[in-house]
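Note that subunit A is present in both complexes that follow, paired respectively with subunit B and with subunit C.
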Partner chain A sequence: MYSLLGISESLVAATSAQTAPLVLAGVGVVGFALGVLLWLQRRRRMAQARVMERILDGAARLTATRRLPEMCDSIVGMVGEIFGFERVVLYLWSDALEVFEARSSLGFEAADGTQVRERTVSRKDYDALLLAGGDHGPGQLVPEGVDGDDLWSGSASLIEELVSPDGEPRGYVRVAPVARGLGDAADDRHLLTYMLQQVAAAVDAAEVYERLANRNADLSLASEKLASLADMKANFVANVSHELRTPLTSISAYTELLQQNLTVLPPESLDEFLAVIHTESLKLTDVINDILELSRMENGRPVSARAETDLEQLVRRLEDGWKGRAADSEQNIEVVTPDHAINLHVDPVLIQQLLTHLVANALKFTPEGGRVSIHLSETGTAVRLAVEDTGIGIPEDELGAIFEKFYQVDGSATREHNGQGVGLAICHEIVTHHDGRIWAENREGGGARFQVLLPRRPAVVQPSGDPQSVLAPFEPGEFHQRMLHWISGSLGVQTVSLLQPDEHGESLEIRASIGLPESVAQGVRVRFGSGIAGRVWATGETLLIADVTRDRRVDREVSEPRYSTPSLLCVPLHVGGDVHGVLSVNNRIDGRPLDADDRLLLEALAPRVTELMTQYASWQADGRVLSELRESLRATTSVGHLRQESFVEICREICLAAARRLELSTTELGQLAFALRYYDVGMGCVPPQLLDKPEPLAHHEQLFVQRHVEAGLSILEPLRPSARARQIILHHHENWDGTGYPRGLTGDAIPAEARLLRLTDTFAALLSPRPWRSAFGLEEALTEIRQGVGRSFCPRTTSAFLAEAESRRYRIIEMQTRGADARDLARPALDRRGMVTPV
Partner chain B sequence: MALPARILIVDDEKPIANLLAQTFEQDGHVVASAGDGIDCMNKMASFRPDVVVMDIMMPKLDGVEATKLIRRNQTYAGTLIIALSARADDKTRQRMQEAGADAFVRKPFSIARLVARVEEMLAVRSGLR
Partner chain C sequence: MHKVLIADDEANIRNILDFTLNAEGFTVIGARNGAEAFTLALSEQPDIVILDVMMPDTDGIEACRRIKGDKRTSNLPVILLTARSGSDDRRRGREAGADAYITKPFSPTKVVATLREILGANKA
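The block that comes next holds the complex of A and B.
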């Protein structure tokens, strides 16, 4: 428009400089030309006005749309239709993923068959695009080939920001090709700006609406939970009142009789009556103590009460008491322990309570002449405690629920003995407190077996001695403990040390460690550049050493006693460009050397560790954040630890190998390793009854199970996973044909890593038994996967995955035929908080 | 003393079962005991009670199911069933009523009042005969 005005001014200026006749003729010509130009201009203005009218119309129509996906499609459609761009993509900022997500597109599907939707652009890449443009008009002109994104090759493209009325950037529209005249382009750009201003409010509203709809779904889920909680509470009260009333019935009946017949009763009856009253009073006291204990456990107990405890000795000490009780009722007690100490870092008072409850429970269920046996043993990663009886066992369908605090055998009033409900709930709380697992099963020869696995977690040695504050919701000592256990659990290693520079910045000292003798942890000083940690500190590069006894970089005097396996992995903790610490791990629990997969995972964890450590101080002001962090560490530690020996381990290895075969970058591999480790933590939020349910799930139950994906992401949130890791986890249940959840993505729109994770998850699940089916054999499992290609699975990733699985055929078969250990660990967990069903 | 009757006490809590048995015997009734629902069904056939004092929460077969089984058998149509339970919520009471119990007594209870109630019901029933 400015250019047109410019032309008419110059015409006027030219007019005054000419002679009259010429002027007359000229005026005619010029007048005509001016007329044409004015006419053209008017036409263009009218055309622009019509466009603006269409934009306003469209924007008005948009406000009637509530659903964001539809709205995105309409906006993209409008841009394509009104401006005639061939390719249009609308990106919106996702708070959850912290990236711009492509929400709708035009002009791609037909061209190369791939879907653009769900492609993402990080904030960094977006900023780089804007810089590359260097154009300061409305919007940004992006020259061809700037970002290497195949979507935008072939021509320059234009980016126009979507800014909400309150000035918040919401996303952007990118269009191509931009090859027409500059003037047109400028006008288009003004109009495009205008249009996005018009629709911004509607997009804002739709986003709010979408958030509200999600919140609504959350709320109705929460209210469902509350309703079932209320049911459970009512049951609890009824159960507790039953537990209290039963001994009370005897007490009151016998005292009533005593009162009325005191003078006529013979002395032996008096004795008998008083004995009954006394016994029943003791029972009543027990019930009350149990209830109080349960409520105390629920309010939490400090980890500082833990100490190195010899469980073998503890069991032996309690043995006499049990034998005494058993002899009274003519039952037999048998205690089987290895003939050496079994040391574990636990709360001894709680573990004693656990043992007492389990044995009392077993004795209760065992008839006269029966036998109760207590077995204490060790596995590689845990201490196992089993209490078996020769009673009548537990109905199969109730095995999962007997640890529920409010549990009552549904509908039926059958029960075997008093005091069942509360004691087992306490056991469950105690085991959970130690991040372990408890479950019940029926023995083949009859009777029940209660099994407890307590993870073997060496004490964290903290030479510098963080000040312990009782008031802090998550005191620094516990923070370091949980963080180191998280790393040791995630990698399956026995030794972890966190080294940081001393106050002079001259040498590294151990800030916290597990698996090292205290003398070593106290004494270690590593100079800058020397030894392994010193080198990592100096170079900022990871070191993975296959054999410390042969590697000349290792200072043998210091290291020799520390390593029971020869490999060692040491990663730097970067803050900005500096290395502010070093994480060193070694001694894999399974005795295998640390490998490239471990390196990927530890390198993916290192930035998390750095961030947690730097943020911890600022989070101390906010107790809620800290307690979320604690739960997050607890949930992820449990998973990492207890899945160690199941098929999941080898499936993870297959997954990463397949990813390498598909030539994923190191960063991508790292994020995949992270996702592989924690993707299923959300399963802990799904009621175990649903997971173990043999019948097909009803629609609302399916939705409940599907929530585990988002629940998992929110559990992980305090650990600040990267956007990519979040995406992989978010989409690990998407199917190739679009029938998956949560977004129903199709084909390439699903991140490749998520497609691999989908395969891994399915494969591991097939190899493991379920309550309603036994485990698949290897061949059956492979066939099942092959048959899912094109429906659940992507052809390309599947062939890579299968190739890697085939090459590990014999290891898998060996694992399948091996003893009960792996089977036990593969059993679905019964705990709905910390533990998770292995896939 | 009321008419002597045959009374079956069904309760897995031995102290309370013993006490009830003694008390009813002292009142001149003939008493048998059963420790669970299955035992109860066996005693029904061999002992032929006039009254069953039935606990609800029991092993093997609970009081509700045992009551239903008794009511299904025409032979026991005249048998009085008095339910005893420490689970005194309305749901339990209702299920017991639907199963066919004639009375519901909440634990803990007064022995004298329970005995009186049983004898009163026996009297009413014999009056109707």
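The block that comes next holds the complex of A and C.
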């Protein structure tokens, strides 16, 4: 291979070594030497010109390439070929990950070469590299061993920035080996700089093209959304107008009639007319109230008027009214509740409204002789409310949209049933206000079922109140409250406490807690080094205790009454080298002991918690950041937890077990645990009608669904996930054969954790029902996964995953036979239809 | 004595028109939707039809189109009655061949006046 750098070195060596003695040797010799020099320089210039030509050629070819991955390969190929470097890597800045991502490489053996493309370099590390070079010529010479990156061991390397025409840094190329003396071969480096200037424009264009392709998909969907929004607006006007005018017409016509014929009308007609006027006025009032209510709900939350409310009693109180209405149209009402109180901290007026609307809606779409049943039950840590009817059902692709304001499945149906979509829109607002989920589904055998999950979240006790002053959108105490519920929901535990040193730094006190009696939360003082929390504070190390009643480190007398399950997990909150607080969790809702997986997750959450707490004060100035944080916490906090294991949980367990089998490091496992918990949150941004569409999706619709990955990352952003966690989430839909998204990575270039997540997501989805198919049995699901090896899935991770899944065979089968309960609660997280709450 | 066919899915509206028109000496037949209105227009041979636009199944516009498109009923005057005030409905009504248009809420007296006007013009 032709090496320009090689030539330059010998040239430089020749000129510098020979010039001095030649001058001394005399004019004739000087003439000869000059001739040689000129000849050499001419040869060198010709070589440079040839290189220049090839660069221009290559750049021209590149401009014709539109796909970024191909372009990256071409650039790396050109640098290698023209300049003769053995190792070349092209890094591009990723806005999504906020790191430089290796996008293409050359010259690495398969063994480590496959690893190259999953490498990332943070901005900080990159800046450090540049500083280490200390060279201010074109390009940056990095001495060997500066960054400890094994890719670049063995020789010095050269970094050349890729700067777009508008001066924006896009990434860089790093090459090796760079032999000694390169510092003098400035010309070659100028050539490399020149080349990268040429290609930067092409990279820029390809990135713009890529972004445009995505934008196009967004735009076409947005335009569809706009069109349907315009339809909805037209429907809104038509429906409201209709709803208002129908009763008004009767009222005004009957009034006119009375005025004109008052003296001649027989008394029974008089009564009849007045009754019509009265009923129609009531209808009118209802419609107006609904519209006002919706607009109130939408213009900010109503003042919290929450109180401990017995929902069982509330439902029973409303029952007679429903039965009266149903009897008028010969429908049957059935109310099924447990025979005990179901207390929940809610706004009773709003919940009554919710029930009234759901039942009215069901009655409206149920024919004479039909049945409407209202079920109230407790599922794990959520209260479930289901309203079923035997009516006409809802078209499958409309299931998500019916909660939109004034959405109508069919204009004529509206008319027939005398009402419009305000009711369901109000329901959606009420449920969202309570951090719950609402969704609709069709029942097997006909009719619709509306389901509501209202989370039962224990009150957060904050002995000293919310320490920081509070700005909107957070209400007083809400910051800690949301954060603790986020932790308790993420781990599925009932008890969480956040302890921090008191002002003297002598003992820990509880800053905020859930699940502890108030007296305990108020009174706890833990001395440095004593008890569990005190030890964690002193040592800065996590403690996972299997059985607090038997652990000698625990003061039994104090601790015992607080723990309904014996295990406890306590992690330090590090700020720099100091322990700034301690986070302690126990009482898993499903009754199982806390295990190593929980430890991984809580240790991954701890830095996030620390950062939120330290940043919260500084974010106060910026309402937008806070409101994003609030939404982020809301979207990532689960609604309810089962009191028994769920599919999602066992799938997560399989994933982490497989990761351990593949010998991932503890840090990697932690980030995987974090990604596993939240990777799918972006699904809430995909219009439900796309997710539920039984037919294959059109290309632009597919692109839109694919955007859920980036949407998820942006929802998580306020929680500041680590670069690795972002990377795992970003790549969890890549396929082994390169046909996945968003980057189309192939094989080992896909991070191993992302490959595992891909398997986990697919496996969990197979085990759950979809609108167009029922759930797969375990064997079918395993077969499906096996058949995807080599196409969707990596062979190595799949065999680890399958081995771990097989070893949990009986637990999965037992869960499947246990039936709907587990699936229902998993649904909002897994099946997404429930995630119509705005995120 | 003129025979008026009234199609509206709201019983209150049918009743009030029935009451008013009876008092004014009309014979009234009621229909609950567009399809029924078309059938009755054929079998009962009314002198004029009042159709509500927003009705389940076959709406007023569609019923009007059928009446005006059928040789046996195409001469029958049609008045559209609707809660909608949108110009789009008026346009659709005109295209379907409607003779007049009354917006809800309406005055029963005015309905009578409109009926008389159209029937009078028809006679002349």
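Everything below uses one rule, namely that the second predicted complex is superposed on the first by the 523 of 839 C-alpha atoms of A that agree within 3 Å, B and C clash if a C-alpha of one lies under 4 Å from a C-alpha of the other, contacts with A are read in each partner's own complex, and residues count from 1 in each chain.
As a working rule, a contact is a pair of C-beta atoms (placed from the backbone, for glycine too) under 8 Å apart; a residue touches a chain by one contact, two chains touch by 3 or more.
All values reported here derive from a predicted model rather than from experimental measurement.
In the superposition on chain A, A:S250 contacts both subunit B and subunit C.
Contact with neither subunit B nor subunit C is seen for A:T783 once the two complexes are overlaid on the shared chain. On subunit A, the surface patch touched by subunit B in one complex and by subunit C in the other comprises residues 238, 241-242, 245-246, 248-254, 256-257, 260, 276, 280, 412-413, 415-416.
Within the complex, the subunit C residues that touch subunit A are 9-10, 12-13, 15-16, 19-20, 23, 54-57, 59, 83-86, 104-109.
Against subunit C, in their complex, subunit A makes its touches with residues 237-238, 241-242, 245-246, 248-254, 256-257, 260-261, 269, 276, 280, 411-413, 415-416.
The part of subunit A that touches subunit B in the complex is made up of residues 234, 238-239, 241-242, 245-246, 248-254, 256-257, 260, 276, 279-280, 392, 412-417. Those residues of subunit B that touch subunit A in the shared complex are 13, 15-16, 19, 23, 56-65, 85-89, 92, 95, 106-112.
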